[in-house]
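Presented sequentially are two complexes of subunit A, the first with subunit B as partner and the second with subunit C.
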Partner chain A sequence: MGQVVPEKAKVSPFLVFFLVHSMQLGIGVLGFQRIIALTAGYDAWISVIIAGLSIHIILWMMYKILESVDGDIMDAHTFVFGRVVGKLITLPFIVYFSIVAITLIRTYIEVIQVWMFQDMSVFWYSLAFCGLAIYIIFGGFRTVTGVAFFGVILPLYLIFTFFFAIPYADLRNLLPIFDHSIKSLLLASYQMSLTYLGYEILLFIYPYIKDPQKSKKWAHLGVLYSTVLYTALTIITFAYFSEGQLQKNVWATLTMWKVVQMPFVERFEYIGIANWNIIILPNFCIALWCASRITKKVLHIQQKYGVIILSIVILIGINFFKTREQINTLIDYTGKVSFVINYGYIPALFFLMLIVKKVKKK
Partner chain B sequence: MRKALILSIVVAFALSGCVQKEILDDVNLESGSAYDYVNGKLRGTALVPIYLPDKAVENKTYSANSSLSRDFLSDVQRQSQDPIVTGSLKIVLFGEQLARKKGILDLIDSFQRDPSVGAGIFLAETQGEARKIIESNYGKRGTAIYISNLISHNMKTKDLPKTNLQRFLSDFNQRGKTPYLPQLRLIQKNQIEISGVSFFRYGHVVTTIPAEKMFFFKLLVDQYSQGSLKLKVGKELAAVESIRSKYKMKLVSRNTPAINVHIKVNAILNEYSGIKVTPKELKMIEKKLNKKIEFECEKLTKQFQEKNIDPVGFGHFIKSRTRKFNFKQWETDYQNLKVHVTADVTITESGVIE
Partner chain C sequence: MGWFTKKHEQLDEKKSLEEYLQRSHDFKQVSYINQHTNKKFSFSFITTLIDESILQENALPFLLEKSFETIEDIKKIIPIADLQISSDPSEMEQKLFNGYVLLTLETDQKNFAFIAAQKEVVRSITQPEVEFSVIGPKEAFIESLEQNLNLIRKRLPVKELIIEEYTVGTLSKTKVAILHMEGITDPVNVQNVTDRIKNVKFDAITDSSYIVQLISDNKNSPFPQLLDTERPDRVTAILAEGKIAIFVDGSPQALITPTTLVEFFSSFEDYFLNWILSSFFRLIRLFAVAFSILITPIYVATLSYHYELIPKDLMNTLVTSRREIPLPPILEALFLELTIELLREAGARLPTKVGQTIGIVGGIVIGTASVEAGLTSNVLLIIVALAALASFTTPVYKMGNAIRLLRFPFLFFAELWGLLGIVFCFCLLMTHLLRLTSLNRPFLEPIYPPRLTDMKDSLIRLPFRKQTMRPQTLRTLQPLRFTLTKKKKRGDIDE
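Entry: the complex of A and B
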């Protein structure tokens, strides 16, 4: 069903790597180490790997769902549930992506407020950010992909800044391995869902990929790259901080920058956090694009207006989160919702799809 | 599209004035601070370098009493022409009274909490009042840089074991390890020296080892460290410099805890009072060195056990080798820990003359 995406609006399959990875790398990575270490101690790096590998199964299911309808998840919904119910079920995704967008930008603003400028206005900053995002989305999906590409490439050098922590690293912190129960390891994997969130965009961008069969490899590689990155970061963090010390730091990743000493820059955090803007931007754009794409397909509002309406909603919504506690609750719920969608809803849809296909064949 | 572009440019320009600016010339950069405990009150002293037109640095200090640590800064602000900011803090000194009686835990909290304080700053305890040390003038580049360089080069190439804020915090929060800091002393007017290493338990100084013992302590805690040592060989005197040292711990038994520490040192001979250095004499010196290192290191660990501190991190080491390690049990077990040190010194070179 629905409109066919014109060939010139599509992107090459390898760009899926950047789309998936840039959406995954966002604000979760700034402080996930503390939360998983609370559950699984310094064995939690195993949880990072478990969570990362489990995504590949979900990714495989997603591709199966999308292949069988050769469209996005909205087509799959129509196929399984029919026209009206299918549309109703797609609607919550608008809320989901809006919440993801709010979480992203509000957490980032909180980081700026704590680390750099206490008096920065939430509203004005998010207005500027939304303006930029709207401008990018007006350029079409290919522009969004371009931003995602640079959102991965440009901040790549930040990896090297974590080498400054290595002289302080004590790998004995990680020993003995497997000192925690399987249950706590799995629980910590569940807590990784906020950090790993983002690969579900595939459900919406699928029709925009040229030759989607070839993109499979790149999507899996994108997720694998995130897994490797997070695992390395977790191990460095655990070696750098002692267990009691890590529990005191809300943003362990940023705190590690405190030890960076360079002759020409006294405090590296300022550069690092400012650079994080480039990482957040594609995240925000893709989330907003997905949400507005649904409004276009389901509610038949032009994407142009959809983006603006959603931006206004986000600008209003962001004002409800003021204190650390409220923001924490928001982050917590976003993680939970994403877990339900990725690990609950997608497998359910996958099996429903199988059944419906069998029934329809008869 | 063009409208959106213009809008975002306008917004970007309009927003650039929204946050508080901190222009380098209009702030006082606090480069060092000292804390003392005087008459039941905490006294903080902030050191601000003032750069004079002829490139010289004038050290200006501000002092205030307060009950909370960072609190003193806000009192000090009333004495300072420009706002004092902490972004380039390099050293923090704790006075003897404070470190021994009141404890430094409350102060450490503020350094962790403040995002603008780096993790690489040096902390040190002082003999006597810390204020006296920070108020003196040492080098041309300012007091803070002088003390910071003093500590830094002694850690890199000499006997002082590596410490800074990050290492202190990490050790402090590590179960089965005690943090330590260098101790500074004023030897005469405008001259200081590192007088030893102080060990902390819950923020209080428990004991201090003198500078002569620092070499042996460093062998136990720092991998790939350097340092120098004098010793008597028969009637002659020899000065040896360690180029590279390595230690390896081995858990011998768990039930009655015993640990073997093997220390490997590559050294060069710097000075020898004898007439000639023959291979035979080198062997002698090596043997003597081995004995001395073994003896002194074991003495140090015994001393630590007596004081119930664990700066070497034996507890942390055993934890990393034991499943479901019980730290409660360890607190009593530590007294029974047997540490056996073996040393292996190789003198690789003996200078350009024989």
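Entry: the complex of A and C
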């Protein structure tokens, strides 16, 4: 089927925790609170938990699919649909990951433009960012994982900065609980999908994991950690802002940093946003890595050329999103596509797999 | 006929070599006659390389007074252990230049003897100057390979210590010794080092730092990927850990490989101190490095872009000090940083006594004058001076040099994109370090890939009792250093 991944390119199973979690934590977390609160009011934190827990089912399905072919999703496609159709079905994933990459970098630049530098050049910054990503990906999957690792470890201290909001928080904001319909709760869970997006990379990195059986618990832990983090953040945000106030803040997470005060630092959001670079970087790299990995396997373009070609595509593509509305549309659609892939396509593939396996056995 | 031409060729080769050597002033040929048998014999040697007293005292009297017939007999009458008999003229050149004396008999032109009479010009062992420690051993390596190996052998008197020797450099013929512990060190590593040493292509290797640059994994990195040390105790410790040491003849610095980034920030004195103190000092050093790289860029970034970041009271101080300065922060910072670099460079190039004066003149006079002239703010002067001071805490000189360089790209990015630029440059640095390897082992280990057991001796150092395992990254054959005897269960107070 594919080339065998050399042992020295593989990563330890526990690093899957960092890969999955760092891919999930991205730009969505900067402002998801307002959107879900719009739908489910201050009960939306329940939606966060529901959405988070539902991922574990999808994750379980993914592992089942991957285990049965002992390869990535491209092998699964070949197994289910045959060579040609399988390849055709894999191709759109290149577009998907490129769009994810564009969404990430464009939204981050948007945040920078709004909060730090109004006249930040989109082109130059994304060029530098792409250059850095190429440098990382040329180092192989281990370097990508290393960036993911540091992307989780180094910004950990940011968690403590949210404690500054606690003195001003009022948990009674959350009361009364359960005064929204199940339907609106589920709708809010659906809206969370952009924030939670990212764990689907597992479908592509699976062959690069040493002893993939052992990585299961780490993948689940990674998702669980994201869920806990998001839930805590949601509750703090809801306790800090009143419902009307929250609707006026597009990036509630960033606004909360305004309250941070230290003897030597006043406006903490500058440090926070700059630090977010370390969080966005692994997201972008993993997306680009996945996309280039598919080009290698499906189109037989060497991965080093694939990365460069895709970076150029991203650099061109980024120019199409100029206004705030366009970026919002982009985010919306990325979230929707990711929802369809994770909650629609993967279960479908899972059941198809079951059927094909039964048929092939006979 | 065949053997005759061959013999003829050999004689020719010898003759032409001798003629060649005659052109050098220090080549000598002397003939003597034995008192008993009237046999004529002659010495050829290079005077600058041999110790003539060995010849005068241990060889010549016996050759003149005791009788001998063939070249084989000489072995019995001369009390020198290293005496070789050969009939191959191609060896002659190498032997002569290694400090041997060529002995030929007039009757037997075909065979000849080499008598070892090397002149050892060796300075005595002195205190370590680059890696000085207040407590602990005060020996440092010198330029003689023999003497350096002696220092190691004395500290590791076991047969497992293997010393392999190779000659590299087409002109310099430098001797390079590779040391490892058999049964501990990973043979793959040893093979790797041996291959790299053998494949060194260069004409004159005059120091171990040439070897560093020639065998590093990434030759385009400012970071040294082999640790160099002048301390025999450090080499002993790393050999016991399962690493490999490389010695180069003529270099007072031994090389250690594979190594990791954190090793460059551990001074060997850390091991002489209690673990709490040494952990504290290591953390201080780490903080110092971060401070020294980042503080000036942060100053530039905040004052150029993010002055809102600074609280009002602190801002007052900064504004007051910068009120009269005509330059933007980046030029101000570059001016001071370059001044410091100039002082450092001048201090390193000048003789010690003059260097000190320059340091004082530069530090005090230029610093104060530039503040008074209104070229720089005194806050920045303090910051830059502190950063320079902090950069000197790096225990390994070569790493210190790399760190000196690092702040300039950071300054550039800070001016470009403020804090964001600093973080971006940090990401670049992080990626570079992630990609670096030392002897194909990850350079950032044990931070990434994270290995808890190796953390015990990295950013902090736990007590020796806890250091039961050799570093995982080395893949040693004996991962266990020693077995810990279980302590008895602790009794209650006063029991």
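Simple rule for what comes next: the second predicted complex is superposed on the first by the 362 of 362 C-alpha atoms of A that agree within 3 Å, B and C clash if a C-alpha of one lies under 4 Å from a C-alpha of the other, contacts with A are read in each partner's own complex, and residues count from 1 in each chain.
Simple rule for what comes next: a contact is a pair of C-beta atoms (placed from the backbone, for glycine too) under 8 Å apart; a residue touches a chain by one contact, two chains touch by 3 or more.
Since the structure is predicted, the reported quantities are computational estimates derived from the model, not experimental observations.
Q: Looking at A:263, would you say it contacts subunit B, subunit C, both, or neither? Reply first, second, both or neither.
A: Touch status of A:263: second partner only.
Q: Quick check on the superposed pair: does A:146 touch subunit B, subunit C, both, or neither? Answer first, second, both or neither.
A: A:146: touches subunit C, not subunit B.
Q: Just subunit B (first), just subunit C (second), both, or neither: which does A:115 touch?
A: After superposition on chain A, A:115 lies in contact with subunit B alone.
Q: With the two structures laid over each other on chain A, which partner does A:176 touch: subunit B (first), subunit C (second), both, or neither?
A: The answer is first: A:176 touches subunit B but not subunit C.
Q: Per the contact definition in the header, classify A:7: touching subunit B only (first), subunit C only (second), both, or neither.
A: It touches nothing on subunit B or subunit C.
Q: For A:211, is the partner it touches subunit B (first), subunit C (second), both, or none of the two (neither)?
A: After superposition on chain A, A:211 lies in contact with neither partner.
Q: Would you check which partner chain A:132 touches, where first means subunit B only, second means subunit C only, and both and neither mean what they say?
A: Once the two structures are laid over each other on A, A:132 reaches both partners.
Q: Would you tell me the residues on subunit A in contact with subunit B in one complex that are also in contact with subunit C in the other?
A: Looking at subunit A, the two contact sets intersect at 116-117, 120, 125, 128, 132, 135, 139, 261, 266-267.
Q: Which residues of subunit A touch subunit B once you look at their complex with the stated criterion?
A: 114-121, 124-125, 127-128, 131-132, 134-135, 138-139, 168, 170, 172-173, 175-176, 179, 240-245, 248-249, 255, 258-259, 261, 266-267, 269
Q: Using the touch definition up top, name the residues of subunit C that touch subunit A in the complex.
A: Of all residues in subunit C, those touching subunit A are 305-306, 308-312, 314, 417-420, 422-424, 426-428, 430-431, 434-435, 442, 444, 448-450.
Q: Quick one: in the complex, what on subunit B touches subunit A?
A: Subunit B reaches subunit A through residues 1, 4-5, 7-8, 11-12, 15, 18-20, 87-88, 112, 115-120, 166-167, 169-175, 177, 316-317, 320-324.
Q: Give the list of subunit A residues in touch with subunit C in this complex.
A: 11-12, 15, 112, 116-117, 120, 125, 128-129, 132, 135-136, 139, 142-143, 146-147, 149-150, 261, 263-267, 270-271, 273-275, 277-278, 281
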